[in-house]
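Shared between the two complexes below is chain A, which pairs with chain B and chain C, respectively.
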Partner chain A sequence: MNRRVSGPGALLALYGFLVAYAALSLMPFAWMLITSFKEQAALFQLPPSFRPSLLFTDTPMANYSVIWNERNFVTFFRNSAFVSFMAAIGQVFTCALAGYAFARLPLPGKNIIFAIILATAFVPTEVTIIPEFLLMRGFGWLDTFLPLIVPSFLVGAFGTFMLREYFASLPHDYAEAARMDGAREFRIFWRIYLPLAQPALISVFVIAFINNWDELLRPLLYLTSPDLYTVPLGLLSFVSQYEAAWGQLMAGSVISTLPLIIIYVLTQRYVLAGFSGGGVKG
Partner chain B sequence: MTPAWRRYAPALIFLLPALVGLAVFRLVPILWSFVLSFYDWQIFDQPSFTGLDNYIHILTSPVSGQVLRNTAVFALIYVPGSIALSLVLASVLNNTLRSSTFFRSALFLPYITSTVAVTLAWKWIFSTRFGLLNNALAALGIDAAPAWLADPTYALPAVAIVSIWKDVGFYMILLLAGLQTIDPTYYEAARIDGARVVRRFFRITVPLLSRSLFFVLIIAMVRSTQTFEITYALTEGGPNRSSTTLAYFIYENAFIHFQMGYAAALAYILCFLLGLLTLVNFYFRRRWVHE
Partner chain C sequence: MSELTLHEVEKRFGNTEVLRDLSLTVGSGEFASFVGPSGCGKSTLLRIIAGLERATTGEIRIDGRDVGRLEPVDRGVAMVFQNYALYPHMTVRQNIAFPLHTIGLPRQEVEQKVAEAARTLRLTDRLSHKPAALSGGQRQRVAIGRAIVRDPKVFLFDEPLSNLDAALRGEMRIELAELHARLGTTMVYVTHDQVEAMTMSDRIAVLNAGRIEQVGTPTELYHHPSTRFVADFIGRPAMNMLTGQATATDNNGITVSIENQEIRVPVDPGASPPKPGSAVTLGVRPENVAPAETGLRAEVQMVEYLGGVSVIHARTPSGQRLAASLPGAVNVARHAVVGFGFDPTDTHLFTPQGMAFRRRAVAAAALPTFLPTADGDAS
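Right after this comes the complex of A and B.
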């Protein structure tokens, strides 16, 4: 063990700081959860109470059932789940194929193409979103899920980068052996390398799912029918209609946060590897 | 079929979806936006070529001046704030509970959860009269607490606070990965020499971490110019545009006023500023980053 801090006092101060910041980091979640179990009257009490008062009544889930059934969050939730799943699966598909080609298949100039993909990823969304909107309008895709799925399906510089690294790190001899057997490239990719790349594929999928679940700008631009709203858009439309209904709004926020927390807890290893993987060491 | 074609066909087929995506959703829009930035085009009218008018208007109008100033103020709070905090947290965590999943997750959670949902929770916390924050301040004896989101002086800092809170865990994870590559014997040696905590931090941790710090600095700067979701959910750029930053202003011009040409010119100014910042960063890199 290397304790780098001299003296118990200093160590205690470090622990204290860490605990205090962790509490601050979690505080909005706790307040969101408590508020979601408060009845309307309890919201505007001074000083604010930390008691989730609805839990002590016979309708503890009142805010949740209003938001889920009457305010149609069940639909928003289904929409978000569908869009995020399709967008993430598509991204894994495209990035895996591209990453494999960049790492493994012969093509003159492929490093230049790869560099262009990476370079254009640094161009801010603000630059591309206006023509993207005009394109979608031209395709007749406004007010459908396609503009939320297709760009994420086809563009993924981060995922391509990650999977390229991963495929490059796998041993070459499997492919050589298979090629001698006369297996075609796609079969080699599908049967041998894709299964081996599973951890990286999960990272790319989960990160793409989280990003798409969180996306606000595109749904805001492309969706006009409330039946197609995703969760973030549904939450915001609720704010503008029911200004002071913080209990229900926070119930909606819990609903939209919960899937991401569950996914994160289940796949933490892959998410952290994915987020810190692209970074430099030291 | 020539042999070369046969040889390269698999790679081309594998790359096809990515190349279509690159062309349709990246290269074409990047060029299209550039062309648009020289036009005056309200989406329902005919576009008319106006040369550099959009750019001149942006650089001279008081409104966009205010927006650029807001963007700079936001960046000046967000970049140093989030880096300093994540650096301190990463080194504290590295010194104490390095392998604690609980603390790492607690700090990382804001980064991966739904932005709109947590921003709305903050909106409720910032609420002037019934909000948790001002009531906590009152309990500490501070009665003249600001109206936060309703006050033009405090709305932008409030957006910055939420942004820092949300992103700090991400930067911390990146820095933690860097810290764990530092050889502990440096610290042992420094301790034998009698160097104290603060000195060890600035003389060993910071230099040996400089490559990770540089990477984090670049990401933080890029993100600081692109804040949109939090602004939209928290303040909608108000009150009186006091929290409107460049990314939000572009959205407003393009998709509320439908001034496509003007918004495209704003987007290119954003792009230019980012490129400039990155160049400046790389220029100063050799002064402080150890290879």
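Right after this comes the complex of A and C.
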């Protein structure tokens, strides 16, 4: 049952709460943006100032200019984009195959296998990171992108769960019609169900892309050459033992956030449909 | 054109027996329908023929070849689903072409077959549309198009009109009958709607609880139902069923007492005629019941005016229901007690177990016959 808020007083209170909550949520981002337009000297001013002081000088984009031209940020950005894109593609590909198999194929013991895969989502990264590191070292993949990409081509619990639910929600009649039309199982998956699962596939892609874009631990562990640094690792390099270039760090953070915002805005419709699941009617 | 034979087909899901000892031959080019109430196993039977289910025992033969273990595509059958099962992300052209691409037909041949099917089904101007942009009837035609491009030996239809409104259902019935006449392919049609089966089929198999009750032409089923179930299922409004007792039997028929009226029913008493005083059920179709000064007295409960006919629903003094279907409008008040009569030759007689006594043949002269006009037939 939907309860609707009525009356101007209640509506005003609701909007007031929502605006306050939105302001609170946006505060860190606003502070990051303002700080990226501040001189080093203005950063520690007390009381704190919300004035982006650099905007009132001859070099308003000084922090952005430094990180873009002098601190190799373009390379970090490119590396992150490549790694995140490949890892997200890997997740979508393997999770789609696994999700379809769990949802639609008559496999013996599939529910037990699925439960085991789902259980891996509850194992903290810290538990698996050392054996994973030893494995990657054994493969000779240290200081390459492979340890950041290849594991994503192995099945991920969340993506598999989400796509399994989505495939299961699609009508079974399509598969039967395709079988009558002569299609075998892979063609049914590839030509019928995969295109129909587009919203869920996009959701899994976006989530995997964001996770990999934000990943710090694995790049920190596996990458040693600055030319291979990803954005989070590159941003970390702005902080040294004795000082931190906060203005540049914030400028880098602003730039690193932009692709995620753009991707989310462009795919928001699909992501919502993907989470609501099974929007296709027969 | 191909012959389809079902031989002693049985299907069980665990301990539940869905189909029992089912044998039937659908002749080459024949339009055969399976009708029956929900849960009688008719759709399961169709899915077994299609290859989407395996029969527990029994044989499915197409042109004499056992296809029971073959994949659907290797059986030479095409199926039109109840909810069309059109691929929603594909255009009409892609939907129709899908089975042809799947079997690896050259692109040019695919284009040609799709264009031909679209022309046949009046879909040429809809080829670039997606199913969501089509009306129910158009979707139905696309589903048929996807089936006919494969040139199947046997067409299977699983309640294809049940999602359409009444007017469109009527149109599509005619279109399907015309399509069958044009293609001449063997067609098997499943429906719970006896009107669809009666209007389109060469023969109808009435299913009940996983068994075939009776197979016959629409007129055979209407005039000579072999069981009370078939008599009740075929024809609308449903046949009146009046319980009474047998009072006498001779070679010309059985005399029964219904509501204190003696009626001599011209049926073949068979090898085991009913003993005097044993229970029987007299069946008479509402369209064979008319107002009469003498006859069964019954109180009018309701009158349904349907335009061309009116159906009077009444109740006898012992509480038995009686319906009469009369042409046009009728002038009768609710709760009026009136007389109903019928010709005994129009009646049916059933044993308490629901088996019908064989009726004497319906006189051919009683059936209206259209004669060709002087300048030949209409075609």
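Convention: the second predicted complex is superposed on the first by the 236 of 282 C-alpha atoms of A that agree within 3 Å, B and C clash if a C-alpha of one lies under 4 Å from a C-alpha of the other, contacts with A are read in each partner's own complex, and residues count from 1 in each chain.
Keep in mind that, in the parts below, a contact is a pair of C-beta atoms (placed from the backbone, for glycine too) under 8 Å apart; a residue touches a chain by one contact, two chains touch by 3 or more.
Since this is a predicted model, take the numbers as computed values, not measurements.
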| query | Touch check for A:Leu236: first (chain B), second (chain C), both, or neither? | reply | first
| query | Should A:Arg179 be classified as contacting the first partner (chain B), the second (chain C), both, or neither? | reply | second
| Which of the two partners, first being chain B and second being chain C, lies in contact with A:Ile129: first, second, both, or neither? | first
| task | Name the contact category of A:Leu55: first (chain B only), second (chain C only), both, or neither. | result | neither
| request: Tell me which partner A:Pro171 touches in the superposition: chain B (first), chain C (second), both or neither. | output: second
| message | Output check: A:Leu118 vs chain B and chain C. Expected answer is one of first, second, both, neither. What do you get? | response | neither
| remark: chain B and chain C footprints on chain A meet at residues 280-282
| request: Over in the complex, which chain A residues touch chain C? Could you list them? | output: 171, 173-174, 176-183, 187, 191-192, 195-196, 198, 280-282
| Which positions of chain A touch chain B when the two form their complex? | 2-6, 10-11, 14-15, 17-18, 21-22, 24-26, 28-29, 31-32, 35, 43-48, 93-95, 97-98, 100-102, 105-108, 110, 113, 116-117, 120, 122-135, 151, 153-156, 160, 185-186, 189, 210, 213-214, 216-217, 220-221, 231-232, 235-236, 239, 246, 249-250, 252-254, 256-257, 260-261, 264-265, 268, 271-272, 275-276, 279-282
| query | How about chain C: which of its residues touch chain A in the complex? | reply | 50-52, 71-73, 77-79, 81, 83-89, 98-99, 102-103, 146, 150
| Tell me, which parts of chain B touch chain A in their complex? | 7-8, 10-22, 24-30, 32-33, 36, 85, 88-89, 92-93, 95-97, 101-110, 112-118, 120-122, 124-125, 129-132, 135, 138-139, 165, 168-170, 173-174, 176-178, 181-182, 184, 187-188, 191, 196-197, 200, 208-209, 211-212, 215, 222, 225-226, 228-229, 232-233, 246-247, 250-251, 254-255, 260, 263-264, 266-268, 270-271, 274
